[in-house]
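The data blocks that follow each hold one structure.
Two complexes are shown next, each including subunit A; its partner changes from subunit B in the first to subunit C in the second.
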Partner chain A sequence: MKRQVPLVLCFLFGVVMCFTQFSPHSFSQSIYDEVVYWALIMSPFALAVGTITLVQTHVIRIRRRTEHWQYSFVVFAGLLTMVVIGLPFGPQHPAFAWLFNNVQVPLDATMFSLLAFLIASAAFRAFRARTFEASLLLISAMIVLIGNVPVGDLIWNTVLSWLPWDNGASEARQWILGNPNLSARRGIILGVSLGVISQAIRLILGIERSYIGGGD
Partner chain B sequence: MLKTIQWIVVTLVLCISVSTVFSQGLTPPLNVTAVDTANDDGSSITIKWDAAAEDSGISGYQILRRIADGELETIGDLLPVGTTTYVDSAIEGGTAYTYVVRAVSATEATADSEQTAPVEGSGEWFHTEKTPLFIAMLLFSAAIVWNIYNARSGKEVFVRRIPGLEAVDEAIGRATEMGRSILYVLGLGGVSGVATVASMTILAQVARRTADYETPLRVPCNDPIVMNVVREMVKTAYLEEGHPDAYNEENIFFLTEDQFAYAAGVDGIMVREKPATVFLQGSFAAESLILAETGNSIGAIQIAGTDSEHQLPFFIAACDYTLIGEELYAASAYLSKEPMLLGSLRGQDWGKVLIFGAIALGVILELSGITWITTLLQRVN
Partner chain C sequence: MEIFGIWIAALLTLCIYSFLYKDNLFYRFAEHLFVGMSVGYGIVLSVHQGFIPFAWEPFWAAVKPFWPGVPREAGWSGLWKLIPIGVGLLFFSGVSPRHTWLIRYPTAILIGFGAGLSIPNVLRANIFEQTRGTVEPFAAVHAGTLSGWGIFEAVLMVIGVICTLTYFFFSVEHRGPLKWISKVGIAFLMIGFGSAFGNTVMGRVALLIQRVDFLINDWIGSIF
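== the complex of A and B ==
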């Protein structure tokens, strides 16, 4: 029973939601909207579960004195500060907004900006011309890199001025992105789409049931 | 005195003549029709009329609407002269509307069309323009279902070797030998994300092996609901493998919902605990390279997989093995070797053959000057 009910519900909702995509009638659209609203109801419960788990995890860390356990106090300080200001005064309160704009946003931006350095280190490894494929990758990457900056066309038009094409660097970049790159991407997208449909059918028919905790 | 009266009369006659000539030149909109908009939920009516000639003197159109026997009311703004269609989206179901299209000149002279027949908005049960898509979906679904049930007969299904999935056992064995943990990252997707569900099914297979080897499996979650589902799945896997004592609920925990805070948290776990194996499976965005590069820096064997095609190059550059796109969805079948799941993979391949055939046919037809297949696909789009 514990397994059958979720499987039946999954089948029913899967089939109904699939057909709402093909039916513009207000009745089917109202079913779609209603189900989406139901899904939203779960959000507050998820928030409560998340907060409880977060507190549990960090209490255990402090109790066991695991490595860098002191940072768990920073988690609690941040959590309490935002709750104490946010709950009574709302997210529009200047103190809440100040904390968000001057603590969370810069921290997010810091993590995001790390990408610049990580891309450089990953590219260094990926573009080492050890094989034929890696050499192709390196050459393509160099063309795209040069074609992306305005000085690329300037170099092309100055150094290769005897060639009949102007702005060849940006043209070559555009060709690489628009032809081999786009073809490969579309191939992947087609495969992913078929995979998604296949996965959805397996879930709807109850063949794939590991998400309810087990394969039987 | 008589001369003055004569002048006034002549001027008046001239004015009337000029205005008559101009007003006669403003032709009312012709062939005005109002019909229920096709393939909608019944909340709009489409009004169409013929385009006016270039020298008609019309500078715009105004739409007027009448409900039952009520007064004509103006709806919407003045439409530019080239317009020939207007969709009235402010209607109520079960009410009949009639329309008049009024041509307006630069001198604000007007000419009204004939009133249209009364029309009501009604919703359609099936979107006819989506018929090709619906047929394709049915065909593809039938191919998968046929292969799934065919696989039950015990016929062996060939699946090509996927290096990333072949390496799963090796990666788990490595962590066991080194006495270190395995870190499984599910990405940013919620429980309704198909990539996340696919990732969870892979996790269930990984959990069976870690249960056998009693290797710690750490799963930091980005979504509390995903965390609860994952806890249940991993617990069941440990139970079914006969190692319920090895299951530790604390190893599956909620970190944060914020994208970069999650990346920072997972990076922290990697640097502190130095897991021997890192799985990055699911839906990823800009944090993908932050995670993969950190995993690379600690020397972990990394197996990544995502359907986010923008993140694939980062994983390929930074990870040891990468499941590209559809391989993520094939992983569950590949690892479990369950015939019915493998059958669905064959159905998926039939779909690919179908699409490849359509592409090849489309190219040949386009080159031959036959464009109906392109038109059909554009309609679906």
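== the complex of A and C ==
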């Protein structure tokens, strides 16, 4: 009951969803629609569990007075503000939209823009052309960076004006993205996809059972 | 209210950028506020765009016929929708140590659903389509409509894909010709990683420019 039923459910849902994709019959399509509907109904409950876990983590932080525990109150304040306004009035309410536009969006954009500085320091360490492979990494990154900005073509057309090609920086960037980069990405995608399929088969057949966890 | 919003956004932006000096209380405040508000936003969206239309409304439609004064012919078939709601509620069994094993049921259903759906979709989109895209230019070579440079690019593409795949082929030891093929694969991967890095940097710098533009034009511009 505790281990076998979940394995049977995983097998049934896996096989049914797999076969619905191969059959154009209306019955198959209706089963597909129904199961997708089930997944849509169940997913919000999973998010609720995630939220409970977050709250539990921060409550424990406050109780144990761990380092920077005071900031857990800030997490609760942010969470409650959004929930108290958003739940009864909906995401279209002006106050909710105001909070989203003036607090969450700036925080989100600034947090990710901060990575521009961190990525620059990481590049300084990673891009030292010590080996052939590191040199390739450095050269392709530089070409893509320079080709992405208008000043790249300006430099090319000014300094290398004697060459027969115009806008060479953006052309070189485009060629790298469309050829060696694409072939590497295709290789990675094919490899990852084969891995995904084999893992999916292992899950459906019950060979991979880590999601059930230990115990009975 | 608009000016107040600009000031709030500007101060929070400066709080985050204060991290460039060192980790400090302003940065930690903004960071934790971001986490809380993001989760709150996710909850609101999940309830209004997920729970209410997909769980609450079907549930209400299912129990409505049993409500006093509502005609019974309103529909018994809606009870069918109570099954996924009940299974979804099993996610909460995780809070009780004795019944925590019940969480395996919804997890198994969602994992089976995802695994079953991924097999045909990944096959179609990531294997067949990518392979087709790799070999398709050779049809133009056969038809004689591809230039010499186009043929070079088509051959380079096939070599790149094969060599990259060979690098990830761990079933045999990389010795002899396989070693050199995988080395070529590493070269292609390095170019790919370099390009990805360049694009990522550009994306982040674009965000940085947008934030600095906001601080200079919207915020300081509103003061003077």
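We take it that the second predicted complex is superposed on the first by the 205 of 216 C-alpha atoms of A that agree within 3 Å, B and C clash if a C-alpha of one lies under 4 Å from a C-alpha of the other, contacts with A are read in each partner's own complex, and residues count from 1 in each chain.
Basically, a residue touches a chain if its C-beta (ideal position, glycine included) is under 8 Å from a C-beta of that chain, and two chains touch if they have at least 3 such contacts.
Not measured: the values here are computed from a predicted model.
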First (subunit B), second (subunit C), both or neither touched by A:V5: second
First (subunit B), second (subunit C), both or neither touched by A:H68: both
Touched partner set for A:I189, first subunit B, second subunit C, both or neither: both
Touched partner set for A:S23, first subunit B, second subunit C, both or neither: first
Which of subunit B and subunit C A:A46 touches, first, second, both or neither: both
Which of subunit B and subunit C A:N102 touches, first, second, both or neither: second
Partner chain(s) touched by A:R125 [first = subunit B, second = subunit C, both, neither]: first
Greater residue coverage of subunit A in the superposed arrangement, subunit B or subunit C: C
Partner chain in contact with A:V159 - subunit B first, subunit C second, else both or neither: neither
Subunit B versus subunit C as contact partner of A:G86, first or second or both or neither: second
Contact residues common to both interfaces of subunit A (with subunit B and with subunit C): 21-22, 39, 42, 46-47, 49, 54, 68, 104, 107-108, 111-112, 114-115, 119, 123, 185, 188-192, 194, 196-197, 199-201, 203, 211-213, 215-216
Subunit A-touching residues of subunit B, taken from the complex the two chains share: 39-43, 93, 123-127, 130, 133-134, 137, 140-141, 144-145, 148, 192, 194, 197-198, 200-201, 204-205, 223-225, 227-229, 232-233, 235-237, 240, 250, 253-261, 263-264, 268, 272, 286-287, 289-290, 292-293, 296, 307, 309, 312-314, 316-318, 324-326, 328-330, 332, 336, 338, 340-341, 344-345, 347-348, 351-352, 355
Partner subunit C, residues of subunit A touching it in the complex: 2-3, 5-7, 9-18, 21-22, 35, 37-49, 51-52, 54, 68, 71-72, 74-83, 86-87, 90-91, 96, 98-117, 119-120, 123, 132-134, 136-145, 148-149, 173, 176-177, 179-194, 196-197, 199-201, 203-204, 211-213, 215-216
Residue ranges of subunit C in contact with subunit A within the complex: 1, 5-6, 8-10, 12-13, 16-17, 19-20, 28-51, 54-55, 58, 81, 83-85, 87-89, 91-92, 94-95, 101, 104-123, 126-127, 130-131, 133-134, 153, 156-165, 167-168, 185-202, 204-205, 207-208, 210-211, 214
Touch list for subunit A against partner subunit B, complex: 21-29, 39, 42, 46-47, 49-50, 53-54, 56-57, 60, 67-68, 104, 107-108, 111-112, 114-115, 118-119, 121-123, 125-126, 185, 188-192, 194-203, 205, 207-208, 210-216
